[in-house]
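A, B, C, D, E and F label the chains in the order they appear, each numbered from 1.
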Amino acid sequence: MKNKKSTEREGNLEGEALSRVLERASVLVTALPYITRYAGKTIVVKYGGNAMLDTSLKAAVTQDIVLLRAVGFRPILVHGGGPEISELMRRVGKQPEFVGGLRVTDRETVELVEMVLVGKVNTSIVSLINQQGGLAVGVSGKDAQLIVAEKREGAAVDLGFVGDVQKINPQLLLSLCDAGYIPVVSSVGAGLDGESYNINADHVAGEIAAAVGATKLIVLTDVAGVFSNPKDSGTLLPEVSVSQAKSLIADGVADRGMIPKLEACIRAVEGGVQRSHIIDGRVPHSVIMEVFTDSGVGTMVLPD
Amino acid sequence: MKNKKSTEREGNLEGEALSRVLERASVLVTALPYITRYAGKTIVVKYGGNAMLDTSLKAAVTQDIVLLRAVGFRPILVHGGGPEISELMRRVGKQPEFVGGLRVTDRETVELVEMVLVGKVNTSIVSLINQQGGLAVGVSGKDAQLIVAEKREGAAVDLGFVGDVQKINPQLLLSLCDAGYIPVVSSVGAGLDGESYNINADHVAGEIAAAVGATKLIVLTDVAGVFSNPKDSGTLLPEVSVSQAKSLIADGVADRGMIPKLEACIRAVEGGVQRSHIIDGRVPHSVIMEVFTDSGVGTMVLPD
Amino acid sequence: MKNKKSTEREGNLEGEALSRVLERASVLVTALPYITRYAGKTIVVKYGGNAMLDTSLKAAVTQDIVLLRAVGFRPILVHGGGPEISELMRRVGKQPEFVGGLRVTDRETVELVEMVLVGKVNTSIVSLINQQGGLAVGVSGKDAQLIVAEKREGAAVDLGFVGDVQKINPQLLLSLCDAGYIPVVSSVGAGLDGESYNINADHVAGEIAAAVGATKLIVLTDVAGVFSNPKDSGTLLPEVSVSQAKSLIADGVADRGMIPKLEACIRAVEGGVQRSHIIDGRVPHSVIMEVFTDSGVGTMVLPD
Amino acid sequence: MKNKKSTEREGNLEGEALSRVLERASVLVTALPYITRYAGKTIVVKYGGNAMLDTSLKAAVTQDIVLLRAVGFRPILVHGGGPEISELMRRVGKQPEFVGGLRVTDRETVELVEMVLVGKVNTSIVSLINQQGGLAVGVSGKDAQLIVAEKREGAAVDLGFVGDVQKINPQLLLSLCDAGYIPVVSSVGAGLDGESYNINADHVAGEIAAAVGATKLIVLTDVAGVFSNPKDSGTLLPEVSVSQAKSLIADGVADRGMIPKLEACIRAVEGGVQRSHIIDGRVPHSVIMEVFTDSGVGTMVLPD
Amino acid sequence: MKNKKSTEREGNLEGEALSRVLERASVLVTALPYITRYAGKTIVVKYGGNAMLDTSLKAAVTQDIVLLRAVGFRPILVHGGGPEISELMRRVGKQPEFVGGLRVTDRETVELVEMVLVGKVNTSIVSLINQQGGLAVGVSGKDAQLIVAEKREGAAVDLGFVGDVQKINPQLLLSLCDAGYIPVVSSVGAGLDGESYNINADHVAGEIAAAVGATKLIVLTDVAGVFSNPKDSGTLLPEVSVSQAKSLIADGVADRGMIPKLEACIRAVEGGVQRSHIIDGRVPHSVIMEVFTDSGVGTMVLPD
Amino acid sequence: MKNKKSTEREGNLEGEALSRVLERASVLVTALPYITRYAGKTIVVKYGGNAMLDTSLKAAVTQDIVLLRAVGFRPILVHGGGPEISELMRRVGKQPEFVGGLRVTDRETVELVEMVLVGKVNTSIVSLINQQGGLAVGVSGKDAQLIVAEKREGAAVDLGFVGDVQKINPQLLLSLCDAGYIPVVSSVGAGLDGESYNINADHVAGEIAAAVGATKLIVLTDVAGVFSNPKDSGTLLPEVSVSQAKSLIADGVADRGMIPKLEACIRAVEGGVQRSHIIDGRVPHSVIMEVFTDSGVGTMVLPD
């Protein structure tokens, strides 16, 4: 009769070890109401910035996503990939060029964009999720015509293959979620003419959240949230209404990086998503903190 | 624009509060591999003893069960109810009588047993689970002929309506689990003649675990587990094989309360359940600790 | 070659025996249009009074219910259990007390009520149905929050835990019917606070009939039906409209026992049930007579 | 308030009328065990002889079939149509010719056979069933290649388009039963060459019973059953085993009309059908009598 | 090693043979947009006239139908059978008689009509389709009460059992299409009284097309289409609107044979069928030509 | 009334135009037996070489694939992309290096390989298929762990991240096919360690064909098929058995490009695929020619 533990079990607990496990059990129990509340609900997470560059943050975000799936939610990840695009461009001898914050994208550039987003950033996220025990499926906007794009109009100069979402065909994402997979979406789409377009990933996330009927959109960023005065860290806004969000853009309060994130949240909320959040991607597990606590970790955008 | 939190949100976090939430998020993440491992699996929990008498332990066990269901497992709760039976008997002027640890059960007594188990203990567990956000359904062994009983033979004296499990018809339990409900089973069954029988709840739990194809059976008790010398608390056995468990009974090591618990585990393991556990119901959240950690909190019974 | 019948067969028929069988076959054929009419339809039967006390009537009612299920209807049985409650109260030394026909129900009493209804009356009906070849499942109002109760207001004195139906969550009943089971419902519910309430079983039957979309509600009683003059047995009303039924109550024509039965029928009809019936439970097989003949065996309540 | 019955109800019952209804209710209850036993089971009925010629017998048989369907069985009707074929042949100036009891069937004759069976006998049975409240669907052996036929070999003279069953493709019948329809099958099939063949309807019934996994085959005939001495009505055999049935054929005891009926029963039983019956189609409702009583109304063929 | 082809393969291609195969492959590719457009759509084809009399045309039409089914459409075939009815009437010594183009149909005649349509024409079409690799199921209007008929009113003389469609119950057809079968419908129906009626097959096709929600109705005829001057073959109308079609009838332009075909198209289009076509059944594969090309092969009837 | 054709229709046909359409209709009909034979069957096509470089061949192959899907088959496309990989390498200043025909693949190279295959070649095939009316979904071997890779062992030098298939998890492909999508698979996989590996696309196609239970594997190449003497175009082998194929490799007859194609076919056939084909991708629509004719267009590999 074995009085010592088997190889698979660490033996019985005593003293401090026991109290740590007890603590842990009670934390799990506190998650219960959140799990019950979101069971079967779809949550779209826009992943970008530092959270996509720092190795341990990457691990934390993908763990969060796998946990959401494991407890019965239906997470969908949307990503962009700015820095890596510029890097490949430089390697092949092209100089990245921006006008008004938007990348000038000739045919050769859009091809490089697609290679980086779909063939590098996306596959590496998929791989990370799979190593955490999830089953991710990479999806480009061309797959099953998920993102029908159209050329962005109205820019001062011709930006080339920079597009906007004309239509989302969400069926593929819904099928993948139904089957238990975690879709990871690259923000590249095709026009009706078959041309590829580079689309802002925040916008894609907002449109997808609306099209799949998500309950929540979470946009990761590299600041603590939205500020009424971006230069004063004491002015973080825990929540803004859609019309306040529009004012922040119109009044020039929101800076260039924050504008598409606010637009994504506005689009989602106007498309029926109950709550959209802009949260700090530099804090590990900030997605789980947002979903599993009543305390805000950023700015929530709500209907008026 | 609101710079203060809304009524629904506690505002953004700072300092110590933030680090507590961070801690909590990382605990949740540690649960991930366990959630993934048991997703869709059935876990039978035999509930009894102090865990069923103490108010805060009752709350903790039912929270544990609701959490198991919420993260995608299929828990089934089986309960007995010794002390409350004797109490009602005394109230109606009958003196409880035991022979060899078994209650002498005449027709009037079995009627009282059924009233207490099905009409009081079961309904109060159902109610507690529902208040925790689960959807429990009370099931007696008569429902859809779940437990076909037969009179226990071989006792020195006629114990009356004390029965054994002759057959389990698990279809009702499977349907309820499929539909997302948490079945709560009273250990009363009917014979083919329609007579009611009082059956040992540990045995019922073991038989049900085998019949529904459970992955795990967890039996709550009022000691820390199985001891090689019950008088020496340093001799707790982290695990025993089925044949060791049989020896513990045959050699008189296991005391009267532990025997049916070991028999339940043996029956379950021989019926295909991978692991059966006898754990300490006096520790709050011990069910979750067993499921969500690699550290044992009692004794595990394994195939030889 | 056997010229005598086998053990399983009674041999071929001749003379009078043959004509009896012929008669029987032709009776079966007369049931055909009724079977066709109600196939797949839900019929709620409120069971109480003598039909629940007399052994042979109990057998007849449960046979009727099993037959309804066997030919393709979906019967749901709802029961109360007044006399047995008072009996247990007296056994534990409590004196039943009534105000305005309603039982004064302190916490101890409601516990006894629940034990009797769920743990004795319900289980014995389940057992009887199962012995007739059906598969019954006992359901208390707490199961899957079937009956959400609220304290009855407006009584002259505080009646304690006497409740009304606040809401019916019929999903569990529908699932059980879909799976071929016969639900047997006890008229006990829980409030949002988790407290148990004793609810009038006629009212429960009426509310359930409306919530499950029943085609028919049949309320068994101990008189022949509703009379325009309860003292004159020649004044039986074969049918009344909902507004006539309301007048019978308002005008004091209906006696105290009949009022909740009429209220149940009114509630059901107003909730969309096509026809509700108050029939004589003292006549054996009166349920089948109501369903399988064009002749009334009591009073039918119809929409205006 | 109406004290007289409405147009839809016959009013309340008294005296003799009441006792007739009571009697009727109790007959229905006696059917319960048979309904339970055969629920969801398939019963193939071979319809022919007087039962197909006499108007009131036709009504009784089709009522029986509709009742079987209504209470949850899956009846399939197979029919032939000898006399009507000869009648049409004579009308178009062809003289029916038989060799060894089999119709000599040239191409013109098989066309007439098909017209009569599929276009007259079948459609009139379908129509009768529909008028009784069932939903019948006429099926020829060509539909979905239900009956693949082959030319009957071994006859002394060339019988032309007289065929045997080479294969049954039962899928269409199963789908129709699943959808609640009553299939009515004509005993005409097509060979692999597309030629039509006239096939003995008893044989078709036996083959179909085996192919659909029927629980029971009932063959209607114009005598009381199988006799050990067909000339002595006192020698009716309540049951025979398959090998006894084969001897009855081999020994020349069975007459020419009975031989294919015995062969059908043998085929069915050897193909897994539990019980096959040859019963008296001249007795009204003999199908129901066979299914709903323990008393035989003919001869049952059983496995050895 | 075999350098010559196996028995199953014709060997590799060279020269002219290769170019023929290349040509064939490219033809298949041209069918692609049509296949995609009609996938899963229901197409009702009214089959009659020469296409039903000429052996090679019969083969071509049934091939077309099988091809439609094979590439994923849901074809339903409706047929009449005038000439064959008259032939059988003459064989049994009855003289066909017509008033205003309609057959005078006494009870004996309607019986002959039914035998010919259901028992001869229908079964022979079913057989042909099955030989082409399809799975056809013959359906008369009586099956599952597909066609509820009523006596045609308003004729100058009593035409007897000549009927009109009172109601279509399309469920059987939908089930058969769902299961992959090709329904072949005879234009015979039963009245509520159970009487058989002979109904114009064009009308039946139009009603069925509307009732099953068909995308297209194709009516085969023995001329090239509808002419604005039937005597001038240069006046073929490629398309007409519903109101033009009505004028063609009202103004006496359409001849007696064309009137019911136009009425069928009008009924279908008014019942929601997008396009109805009257095409030349004398051209082999005209059904496929209509479905798989943009070029018309007759007259299309469109909504106004 | 319009005597001229509408904008949507090209008008009626005459003379030569009519005979062309007739010809076309009859070609479609000849496809019928092939459509029937392969309905619902899975066909894996390995796409590479000239067929992937030449614009009009690309259009032809993708049309073929869309046609296969449209008529009810389940095509899966697998692709590699050698030339485009080398091109990107040169653009970023890396010199492609090969040992024994295999690319030396350091970590930087495998990243470029993945970008080209997943982010360029795959997305452009997906886009082409979508423009032809199909719904393609790009799949990398990492998605849902489709291709579990392991480092290729046994090479003379360390080839770096060159891998072999260790396991295929086909569930994602099956789900996509079930939902009507056309999966397009890149031959990149991840090891259990999360590292990316470049895998020979022929091998991937063979493994996938076996894992999904394909009926047919078609490998496109740039020669007419397999030759017994590659230098003599008259020695094309219409078919070889698996053991002959193994000999061709062992005996040095097959050249370096043909070896993995033969290996893929051998793997597929040994894994249960009935027939594998190596065909000439330079001939337009060669996939359709292979599927829709009995004439070979290359070499078929068969079981021994």
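FYI, a contact is a pair of C-beta atoms (placed from the backbone, for glycine too) under 8 Å apart; a residue touches a chain by one contact, two chains touch by 3 or more.
Only a predicted model underlies this, so the values are computations on that prediction, with no experimental measurement involved.
Using the contact threshold fixed earlier, the set of chains in contact with both subunit A and subunit D is empty.
Comparing the centres of all chains, each the average of its CA atoms, the largest separation from subunit B belongs to E. Superposing the C-alpha atoms of subunit C onto those of subunit E requires a rotation of 120 degrees, given to the nearest 5. Rounded to whole angstrom, the centroid-to-centroid distance between subunit B and subunit F, based on C-alpha atoms, equals 56 Å.
Computed centre separation for the pair subunit C/subunit D is 41 angstrom, with centres defined by C-alpha atoms. Put simply, the C-alpha centre of subunit A and that of subunit F have 34 angstrom between them. Residues of subunit E in contact with at least two other chains: none. Taken as a contact graph, with one node per protein chain and an edge wherever two chains touch, the assembly forms a single closed ring in which every chain touches exactly two others.
Traced around the ring of touching chains, beginning at subunit A and stepping first to subunit B, the chains run A, B, C, D, E, F.
Residue ranges on subunit B touching subunit C, taken from their complex, read 88, 91-93, 111, 114-120, 122-123, 126-128, 130-131, 135-140, 142-145, 172, 175, 179, 181, 188, 190, 194, 196. By the touch rule above, subunit F contacts subunit E in their complex via residues 1-6, 8-13, 17, 21-33, 35-36, 39, 60, 63-64, 66-67, 70-72, 132-133, 224-225, 228, 235-240, 244, 283-285, 288-289, 292-298, 300.
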